[in-house]
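In what follows, chain A forms one complex with chain B and a second complex with chain C.
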Partner chain A sequence: MTETDLHFFIDSTMSYFEETTGEAAQPGIPFLKGRDPLVRDFSGIIGISGQRKGCIYITASRALLNQLAQCILNRPTISREEMKDLAGEIANTIAGNVREAYGSTFMISVPVVVEGRAKDIVVPQEPPAFVIPFTWRDCEASLVLSLTP
Partner chain B sequence: MKTLSDSLSNDQPAFEEPSIHSLFLEGVLEHAGEGYFLLDSALVVQNPLSRSAMRCLGEENPVGRPFLKILENKVTGEIIERSREYLTLLFDPDLDEETLGEINPLAESEFCYENKRGLWEESSQLRFSFDRLFEDGQVRGILGRVRDVSHEHELQKRLNSTEHQVRQQMEWLVNILHVESSALREFLAGAERELQNIEERLRTPGKPGEYPQVLEDIYRSVYIIRGNAALMDLSFFTEFGHQFLNLIADIRQKTAPGAHDFIPVVVRVKELRSTLTEVENIVRRVSRFHERFRAKRSYESELLVHSIRLLVNSLGSELGKQVQLVHDDFDPMSIPFYHRQAVKEFLYLLARNALYYGIEFPEERKEQQKPAVATIEIASKVTPDGLNLRLRHDGRVLKIERLIEKMLVQYPQLKEEKAGWNDADISRLIFTPGMVDEEERDLIAGYSLDIELLRKRVQSSGGRMKITFTSKAFCDVIITLPLRK
Partner chain C sequence: MKHLPTVLIVDDSRVIRHAIAGFLADYPVVTVEAGDGEAALEAYARYRPALVTLDITMPEMDGLAVLSELKAVDPDLQVMVITALKDEQTRRKALALGADDFLTKPVTAHQVRDSFESLTGKIGMVQG
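So, the complex of A and B:
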């Protein structure tokens, strides 16, 4: 992945929050995913194929999804299913934005949502995956990018 | 509307429901590893259709379905669009077969197959070809043929990847062959340690206000990697480190670096990680050869002095400084094999440091009543304490007064102590990492990091270091390394 790709994914993620809630998310310093697991309460995973292959996933805390869903649905109570849907939707929107920007040379799969603290979401060690941590309303989440060059 | 199948079945019994002809055709094509299917002018799949084609298309019953619809979610949108144009062109009888064959977007494509939940479970590399079926000079339909070439494709991919890998490994080999395998392993272990420090620093950067410190820490680690690489003349790592340092230096100019500024840093870290892994693999493989083809000891000894002289001469002339190397009391044969690489590194580092930061330009030396040509003297001696290694130069020690001023600004409580400072205290001050002056930041930071690198290396060899100097006349460094019984 190039610097431009990373910029694009970061901007795309940040603008999702800004556009849907009017409140921007704050990106943290990106780093390389090691062998340590990186999974929060809900994770939305999208497979990517075509010119680039691999996957992206967004993993977020229950608190973040809860607040985000409240913002979007304008309701005080949010069900677990709605939070799951939201995790999938964020991943899908980000991947969709990227497809729009990069043209039709790659495909995105339907999102898969993993609930709970899975041991880890295994991505290939080569090439190393990039992790972009970010916060929204002081809640933490991460976007993980594992794509072939 | 009369379909192609109707038309064909009226005229050609071969296309009737499983006739002996269609079974024969299927048998032949299956044997050749190909599936076939028919497309009408609306690009809808028609009978006859072979089982092999159904497998390739990933559909249980594609008859009556638009071909382009079948391609959805199996190939990219771009290929679908180009296929639409291409298949439409096939119905133009004026276009020649050869030209059409060249623009086939499905000549070789990866097909991804979804499971019932819409997830990709597997993929195949398929090769499609399309033949036009003419009737009265008009194209009435298309006979599509499809072959699964995944195996061939995989082999080709592996071959290409191996070729690329071998080419790259050869480049690495040329780059590292001149360095002993034990020294290389040591270098790689050191680089790995620093890389882990960098990765950890990126993972736990703290609040945005702490980002400048994160940059400083990364700079320090990259500096150490570059320094070690330069010592071993590993040009690729040296150059890479140099560019990386420049990149960080640029970011350091910003008053408040943000998370975005670290993107190029993390990309470089990834490159460094991949390179290290690659080189580690090569070192493992070539280390046995290295041991076998090691040069004779006497030759290695000559080479050691020769390479230090080369460094002094070339760097001296590059910097515009005149220096002579005196090595009368240096006996390379007295240096045990297990310390050879470390000794080489120490002398390299000290000589380079003296040239960069200690030895003055000829005019400056003349003004100070010193000979225009400076002297770097190296010596070695085996004592009951161990191997003593000495490098002395008659230059100054880098701007001591300025460093002290800086120290006092940072730590005003030391002002009272200053009067009582002796050479040893000042020495400790000079060799405290991080004594950087904004005006000559890079120069002094380089000096400080060089010394830090040296100290670390001496410590890891189980040795100790003693420095004696005056601010203007000389600097004398003695390193004592333990000897094995």
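So, the complex of A and C:
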């Protein structure tokens, strides 16, 4: 992962919230993922194949997904299944949008979504995984990137 | 009784299907939904929609394969691709297979309605 790679994903993530809700998300400082678990209420995982290999996942709180779904669906009541679905859709959109930079050889899977019962989402130790923390409406979330160079 | 035209919304995300249906709620159309490629082909055969909104990255059968099959049986069918895949190669491929418009996610209500009005205007479908 290079600094340029990180910027592609940060831009894609920030654009997602800005374009979807008109309200910008605030990126934090990226850091290397250690052994500590990094799982919030719902996580959407996308497998990457082709020229780059690995996975990306977004992990977000119920509060963030609930508010985001309210904006998208324009109604106050959001089901657990809809929050789960949205976690996968955010990951899909962020991963799909970075193909603008990487091209069609950056192949993405359909999303797999897990609820936060898992102790952690296992990513390979090599190459090191990067975490991009961000907040939207004061709700915290993270994008985790584990990709070959 | 006059039948309203049908719009088939194909996306593996239920939230996105419902959002798109909401964007089109003010038009005199009936919306039906499919969550994967095979379900899309079954829904097409059953409802004969005038317009399809079509995701690409889906389980079992992707949207480009669906697009190819739909256009083979109904070249005049209006297809609005709505995908997260924001690369030029995918856009070209979809248009070459007969997509009538190509929008990238995240889409706004304004983008979907503009495209809908443009595509339905071409075939003289009732406007809202």
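The definition used in the following text is that the second predicted complex is superposed on the first by the 148 of 149 C-alpha atoms of A that agree within 3 Å, B and C clash if a C-alpha of one lies under 4 Å from a C-alpha of the other, contacts with A are read in each partner's own complex, and residues count from 1 in each chain.
Here, contacts are C-beta pairs under 8 Å (C-beta built on N, C-alpha and C of every residue); 3 or more make two chains touch, one makes a residue touch a chain.
The model shown is predicted, which means the values in this text are computed figures rather than measured ones.
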| item | value |
| --- | --- |
| Overlay on chain A: chain C relative to chain B, clash or fit | fit |
| Partner chain(s) touched by A:89 [first = chain B, second = chain C, both, neither] | second |
| Partner chain in contact with A:55 - chain B first, chain C second, else both or neither | neither |
| Contacts of A:104 with chain B and chain C, given as first, second, both or neither | both |
| Touched partner set for A:28, first chain B, second chain C, both or neither | first |
| Touched partner set for A:19, first chain B, second chain C, both or neither | second |
| Touching partner for A:112 - first (chain B), second (chain C), both, neither | first |
| Shortest CA-CA distance in Å separating chain B from chain C in the superposed model | 5 |
| Intersection of the chain A residues that touch chain B with those that touch chain C | 103-104, 106, 110 |
| Contact footprint of chain A on chain B as seen in their complex | 73, 75-78, 80-81, 110, 112, 114, 117-120, 123, 199, 202-203, 205, 211, 214, 259-260, 262-264, 266-267, 269-270, 273-274, 277 |
| Footprint of chain C on chain A - complex, ascending | 16, 19-20, 69, 72-74, 81-82, 85-86, 88-89, 92-100, 102-104, 106, 108, 110 |
| Residues of chain A touching chain B in the complex | 1-3, 6-7, 10, 26-32, 34, 47, 49-51, 103-107, 109-110, 112, 126-128, 130 |
| Of chain C, residues touching chain A in the complex | 12-16, 18-19, 22, 57-59, 83-90, 104-106, 108 |
